[in-house]
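Two complexes come next, and they have one chain in common, chain A, joined by chain B in the first and chain C in the second.
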Partner chain A sequence: MSVSEQTPVLECRNLCISYFTRAGEIPAVVDFNLKLMPGEAHGIVGESGCGKSTVALAIMNYMGKNGGIVGGEILFEGRDMRTMSGEELRRIRGSKIAMVYQEPMASLNPSMKLGEQLAEVPIYHEGVSREQAIERSQKMLASVRLPDPQRIMNSYPHQISGGQQQRVVIAMALLSNPKLLLLDEPTTALDVTVEAGIVELIKEISAKFGTSLIYISHNLGLILETCSRLTVMYSGEAVESGDIGTVFTKMRHPYTRGLFSSIPVPGADKNMRPLRSIRGQLPLPFARPTGCYFGPRCDHFVAGRCDQGILPMLPVESGSSHFVRCVRFNEIDWSRATTRSDQHAPIETGAIVLNVSDMSKHYTIESGSAVLLGAKKTVKANERITFRAREAETIAIVGESGCGKSTFAKVLMGLEGATNGKVQLGDVDLANLPVQRRSENVISRLQMIFQNPFDTLNPSHSVGSQISRVIRKFGVERDPAKVEERVNQLLDIVKLPRDFAKRRPRQLSGGQKQRVGIARAFAGDPKIVIADEPVSALDVSVQAAVTGLLTDIQRENRTTLLFISHDLSVVRYLADRIIVMYLGKIMEKGTTEEIFSPPYHPYTEALLSAVPIADTSVKKRKIVLTGEIPSPSNPPPGCPFCTRCPYVMKGICDTQVPPQREMAPRHVIACHLDEATLRAMQPVITIEPREMEAELVAGGA
Partner chain B sequence: MLKLIASRLLQMVLIMGVVSALLFFIFDSDKFKKQIAVAELGGFAVSALSDQDYQNWLERKGLNVPFYERYAKWVGGILTGDLGKSYQTNEPVATLVADRLKKTGILGFWVFALMIPLSLTFGIIAGMKEGSAQDRITSFISIVTTSLPEIATAVILMSIFALWLRWLPANSAMVGGWNWLALVLPVMTLVLYDFGYVARMTRASMAEVMTSQYIRTAILKGLPYKRVILRHALRNALIAPFTIIVLQMNWLLSGVVVVEFFFQYAGFGKLLLDAALFGDIYVIQAATLVAVFVAVLSQIISDVGYSFLNPRIRFS
Partner chain C sequence: MAAITSIPVSPPPLSILKILQQPRSLIVLVLLMWLPLMLNVMLAGSISETVRPYLLLPAIPSALILYGVGVLSWRESPIAIIGLTLIFFWLIVAVSVPFLPLVDPNKPIAPFAPIGAVKNNHYFILGADFKGRDMLARTLWGCQRVLVWGVTATLVAYLVGCIFGLVAGYLGGWWDQVISFIANVLLSFPVMVLFILIMNYLGASGFNIVIAVTFASAPAIMRIVRGLTFDTKNRDYIFAAQTRGEHPLRIMIYELLPNARGPIIVDACLRLGYTTVAITTLTFLGLGLQPPDPDWGLMIKEAANVAKSPQFAYMLLIPALSVSSLILGFNLIADGLREMSLRD
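Let's look at the complex of A and B:
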């Protein structure tokens, strides 16, 4: 025991990893240090392209044919992995070091039964018989809380849900009881309530088996929930590392601080305390500045000091385990609040512009490929959706995958016709008016911002021509000079340089593309803009900029924003009113304040509890849902949530459609629970008074 | 699945009906009738024929009735197994086509028997390591063999093996009875041509599978490389080439015209060519039906096989 306590499970010393391309050597990770003790959980956090996944794959010694370790060492249980032979590496992979990946579906072999994919781990690592291996796999599936392991063993990956797939991958990683588990964004592809279950499982595992964890994520909230130490990476370098509590409350690197002020935590408010994005962009790996890589984006940059030489990781205090790669961390006044961005008065909402009443959208699908004549099935993608939107109001539609939020957007845009009900835009009923039959005026009043900025811009047209096309098409301007002027104005509004008009989409970053998408949506002076997950494909520091932009434009143009999202943190920050959907039905609707405080719908309650919050002063009541989201083609006849609801009342919830209880004017909860029970619910999220940074600094010094 | 097969077969019958009716209609024109007469009696004899004699000749051949009557009679004949008689040789079409089909079948069998293992093996080996020496060599050979047209390959092979080395006969007409040696050159020509195509497809498919995340999972699970390739990569990599190979059946049936004609091999392709030049309507009709049948059959096989190889389709 004492030996294992002294030898770290894993140690990276001054690790440098490079990729070799035609353009030459590209350093992906520079001077990376990490020491992981047995049973410890270490988080690596950073935005896309910071090198965090490269570190994980380097630990596995799997860097493809053009990548390689160019300096430093990786010690696994004291032995340098770089000197191991291929056969030695093979024996360690999957048995002593195991990995869980971001996309569970893609990381399982589609044409092999899961049982066989699991059983081969003990067969090839320990030489056990097939029967034993299968028995062990089945037990492991049960211990990652998968129902009916027998059936799962005989299934192919596509036959089970994403959450179940990830549990299978975790079971596969644990089969040979590894010393080290690498988790590379293990829940990013999953729904938030499913994510909460997986996170719970991961915590249990590390406690039960004593496995050391390296948890890679872009989500600070998840790291806070799972890890005891963390490393913040930026542009291939670790910029800060230390205990979770220290780094979260007393960060000493301007980038870490920037990251924290750009994520929406409770307390942030789009009007009074808007998020601050980090200006500029991540430098490309071959165009990093000398000195501090963060220098050009840093508010505390001092020429002549920050741009000299190679910066080392420095201990914050001598002997402390809190390190930071900043030469000026001692000179910066950390107690001073970050410069406040502009405060605004809340926007006054106006008249009703959109009135959706009892809108339903049903799809008929044929089922059964083996049968000669397939039976018809009805998928109720949207069921009796009712709400009103006012001018300059932001309404968020929240829900997990399959809840019907995207179908709703399609009906609104006229890509699908509603089965029932009305969608009133002014005096026009859009419910059954396909986009081809809508007048230009109607189309221009209703525009959309799409989730994926990478796919929604035409790669062969310049940015300017894509925006000007909309302007001309909707007849905002016709005169070429005026069209060009308008394009320039729009680029100014979305804070892009005017000469971007000549660029093609491939020359832009993700955030810039999304700005173009926003400019295009607003080019026709729309009254209502539907934003379908507009920031979920973007990094957090860019997210803050884009949400800020949307709020500014809304304030300016008094546009109504329908914000479709699965991310409750962003929704809380941005929305005035929230509609919570589950399997095509509205579970709860009300103001943001009403949704985030009791009384809750039980689903809202679970959803709030599931969202990881990157704030140490936030305490959450834990509600972990069991089970999976039912298939929309076969929802329970009563309340759609009854299969997972902790309050379920047998015989009522599963058979009868719940009543709409109006808890306050326009705050509606669709639930069988009586009003008194609903009103007696305790808050899920409570914020303890934050310890003041200034006091901590004073006390520490 | 049954539904799919049933609908494909229905499609097949429809295509057959439409195409055969169309062909009958086209061959009903006076010009084509004359062409048959010229082919049978010789140009001079036809030009010497009086109108009456020509009408008698048409009557004897059964060509004087309207085409729809002939078509109806022909369809009736098919249903009883009678495909009519060849104008050219006066043999029953059924025996003629069956014999030629058998010959092309033998040719096709050997082409497949050699081409499939060769191209799959080389394709897989090349795709395993993209950009490696083995990949470059295979890709180079594939490009060369595929870009050479069959006729060029045939000429080259014939001059080397028949004219220069004198190992193999240059002519595959087999007038003196069946001769296996005479089959070698046509088979080689076709294998060489097809190898490149299938090998390149297999390589692309394998290379894609090798970069997939589940192969990374398999490697990082610590499986031996052999197991990763044979158990994890192979099956997924074979899905695309399988479809392509089955669809090659179609190509082999009628695409072999050039090779069969060049080597004078009495196969289906050559029959089709001769019949087309002669205007031998019943032979053309029968050959068309066979070709349509094989085309649809190969599609059914590829669809069924695809769904068996790919569980995502089978169980969705």
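Let's look at the complex of A and C:
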């Protein structure tokens, strides 16, 4: 039977969804089309606010009080869902359509044992007996590769880790054997190595159960790994849809192209091939331009054509399944490289400014109640951290949650004292110098950029007053007029309009807030800036702008950047040297080049393999780690990675602390594997040469 | 690099409403209204009789303007506007009562004159009490004392509660344990017992009401502020202030407190109503403000015996309804504020 004869599991025809607020009707999704065949996986990708989650909610018919479908139809197995009764919809939801949300903890009832919650699904939807339901739940838990299903059935949600919770949620969704599974950013809250496992599982599901998937994500790399077709959304519209391979290599919409050139893929380089962000901002839903919504940000905008009427989705070639919402896609020369952003000579690093030697930070926690004087436990948050940072150098500290990177930042900033070792900034030892006892001069040399843009600014004070406070505090300027001038300069540096100084943080978008955070960090002319995941909460196109900004300021001020991140793509793009941490210990350190090519530490190898890369020419060796990250309060006595390591040698790795092997000058791997084995490792990421009609990434010579 | 073009935004012409909505003008207006009223009530004896009649003059326009600004800024919430109207009715009465054509509230004219009666050349709109004093004059004069002492007591309780809440929440550790323990002990007393203990020990006066209310309310306020502080103190901007080497006092007052203001203001409105009840009850029990000056609690107390017969129930109902309307006003404002904060 050919595909065209089958009934699609789901079909959206010219779907329009609006929210009704006090400000009037706000169209959230406009003219959305989608056809999903049985067993097919369809990705929806777009930045925050583009309406991708609204589509999922509309399919679930779960729009809330103020949302509604105002046009078009949603056909589920050929029947229009809008005409179904409430009773019918209820039966379909959860049994034929299931959804997995971003935050697993929010999807599980915290006061019910997991077994009970899982068993409810078949009991409610199929009316099977309790024993049968329990048995089926247990089988399903095993098939989502959860170890020891028996134990998990008897646990409460908070007793298992985030990755396991998400597996339980997926199991729950699969229990009713749905025809359609909606996944809304299912791995965004998880660590990369855990994410890789879930992605693997999702791929298995569609193969094993024949379930159709709609995978919603902001991450193009994940979509590439999981889906066969893709819709790119922008400001409530689908702008391009087609097969993954076609869209990834022969994109025909300027927005898609902009999106691709703003993500760091192997080959991008902060000096020679800087990323290009898309200029401007996403229009607000009630202030969309006429014609093409992307028009004002597009390099190929032609007045009189792009700003007229409502644009239809056009097939790229007649009869092809590749559609694009652009009137000029035939006129744009797609083979020409996009306008190049400025190239720079690499930054020359200078003298050593920060010298961390054998720094350890242990916390003592009392287990049991204070009354019983229970045994004290030591959490080794940082264990013998040693590295040096030079002037104008970017050092990335990479690791997943619980690896101790935040503790390290706290010690450096003087909010915690180190247990052992030294942290030398110039001739001052910071290891046990709390911030209250540091001189103004020392404090101003060390500043920080924070992860969450919505948390980094005090919502009660204006942007200007928050920046000027730093200026006055560190005595850069004292005269009010000069302080204001300096605030304006800083806003110029971070490319924000000057009148933002009077604004409140809530009037700013996430990317703008992060820029203000950067301006604040640089207000006191710091020598070292610690950036704790500064871009991980931002949309990709904004990410590119912020990373670009950081490099520009660094080049100008010769600041040392300590870049804490879990995202190896960004790290590869930005960092000169990389430190890979796991459970408080350094696993491997070296230059970016050394970290990304063999010899690897087994953990680095797995980490590299786990990072999704949005590039069809990249081939990765698959290493999926089993198990979860052990609790930092109870790490294995030997190598902390031994519980998940594919190369583990029983009796050695789990008992003895691994030796530091210096593979090259300043390239250190802490591993029991002998040098020959390490050197014999194969590269994880290989780039296959491909015929690309548009040399987007590699650029012209 | 995203090129963000700076769009020159000319500041829109400031309307009078916009100017009045500025925090600075609001503070000036509130002070203009509040200080004369407070002086008038608290230091009634020590103000010379030549000044006293003019003291409240600036308060009248201020109260009217504040009411107008309030209505215009909260027009999206009808509930808040009803509350505001109730409160400002009494506030405007409080500041303008010396200038209203009323008889002396303490002068006996015709005992037990019913509502609408004309006796001894006086038209009793709301009747007279058992001593023959005009109920209307007493009710309108009575709001001054309830409002001033109620608001003052709540403000002082908030000041104390916020300080301890911030210290306990932000510094944590021993500070938190000691402060929370004391608060728990105070919270474990029945409120009325606590009031009666304090008032009996210190004696009945307006200032002692403030102390009693503070003891009763501050622990609960401290718990709220402590909770809000716990919530906020792990935010990155607090972390940023700490790494800037800011003094803990500055972090508490400048960085933490403004972000707790939403729930605090809502709670303060509810607590104002609660304090009004408390003051009226204390006065009713004979522990609060003393006769002969009119006061709602006092009026209820004095009428309590007489009002047992239904035809004299108005002596009790009028002050009781006045208290209720004021409390209802505070509660409705609290509701409206909460509703408005949820919308944005």
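General remarks:
Everything below uses one rule, namely that the second predicted complex is superposed on the first by the 682 of 701 C-alpha atoms of A that agree within 3 Å, B and C clash if a C-alpha of one lies under 4 Å from a C-alpha of the other, contacts with A are read in each partner's own complex, and residues count from 1 in each chain.
We adopt the following convention: a contact is a pair of C-beta atoms (placed from the backbone, for glycine too) under 8 Å apart; a residue touches a chain by one contact, two chains touch by 3 or more.
Because the structure is a prediction, the values reported are computed rather than measured.
In the superposed pair of complexes, A:207 makes contact with neither chain B nor chain C. In the superposed model, A:112 lies in contact with chain B only, and not with chain C.
Of the two partner chains placed by superposition, only chain B is touched by A:101; chain C is not. In the superposed pair of complexes, A:365 makes contact with neither chain B nor chain C. Look at A:452: by the touch rule set out above, it reaches chain C but stays clear of chain B.
In the superposition on chain A, A:549 makes contact with chain C only, while chain B stays out of contact range. Chain A has more of its residues touched by C than by the other of chain B and chain C. Interface residues of chain A facing chain C in the complex, by the touch rule stated above, are 22, 276-281, 341, 413-415, 435-436, 438, 440, 443, 446-448, 450-452, 455-461, 466, 469-470, 473-474, 495-499, 520, 542, 545, 548-549, 552.
Remark: chain A residues 60, 62, 65, 90-95, 98-99, 101, 103, 106-112, 120-121, 124-125, 156, 158-159, 169, 172, 369-374 touch chain B in the complex. Considering their complex, residues 1-3, 6, 131, 212-214, 216-224, 227, 231-232, 235-236, 239, 309-312, 315-316 of chain B touch chain A.
Taken in their complex, chain C has these residues touching chain A: 1-7, 9, 235-237, 239-240, 242-246, 255, 258-259, 261, 343.
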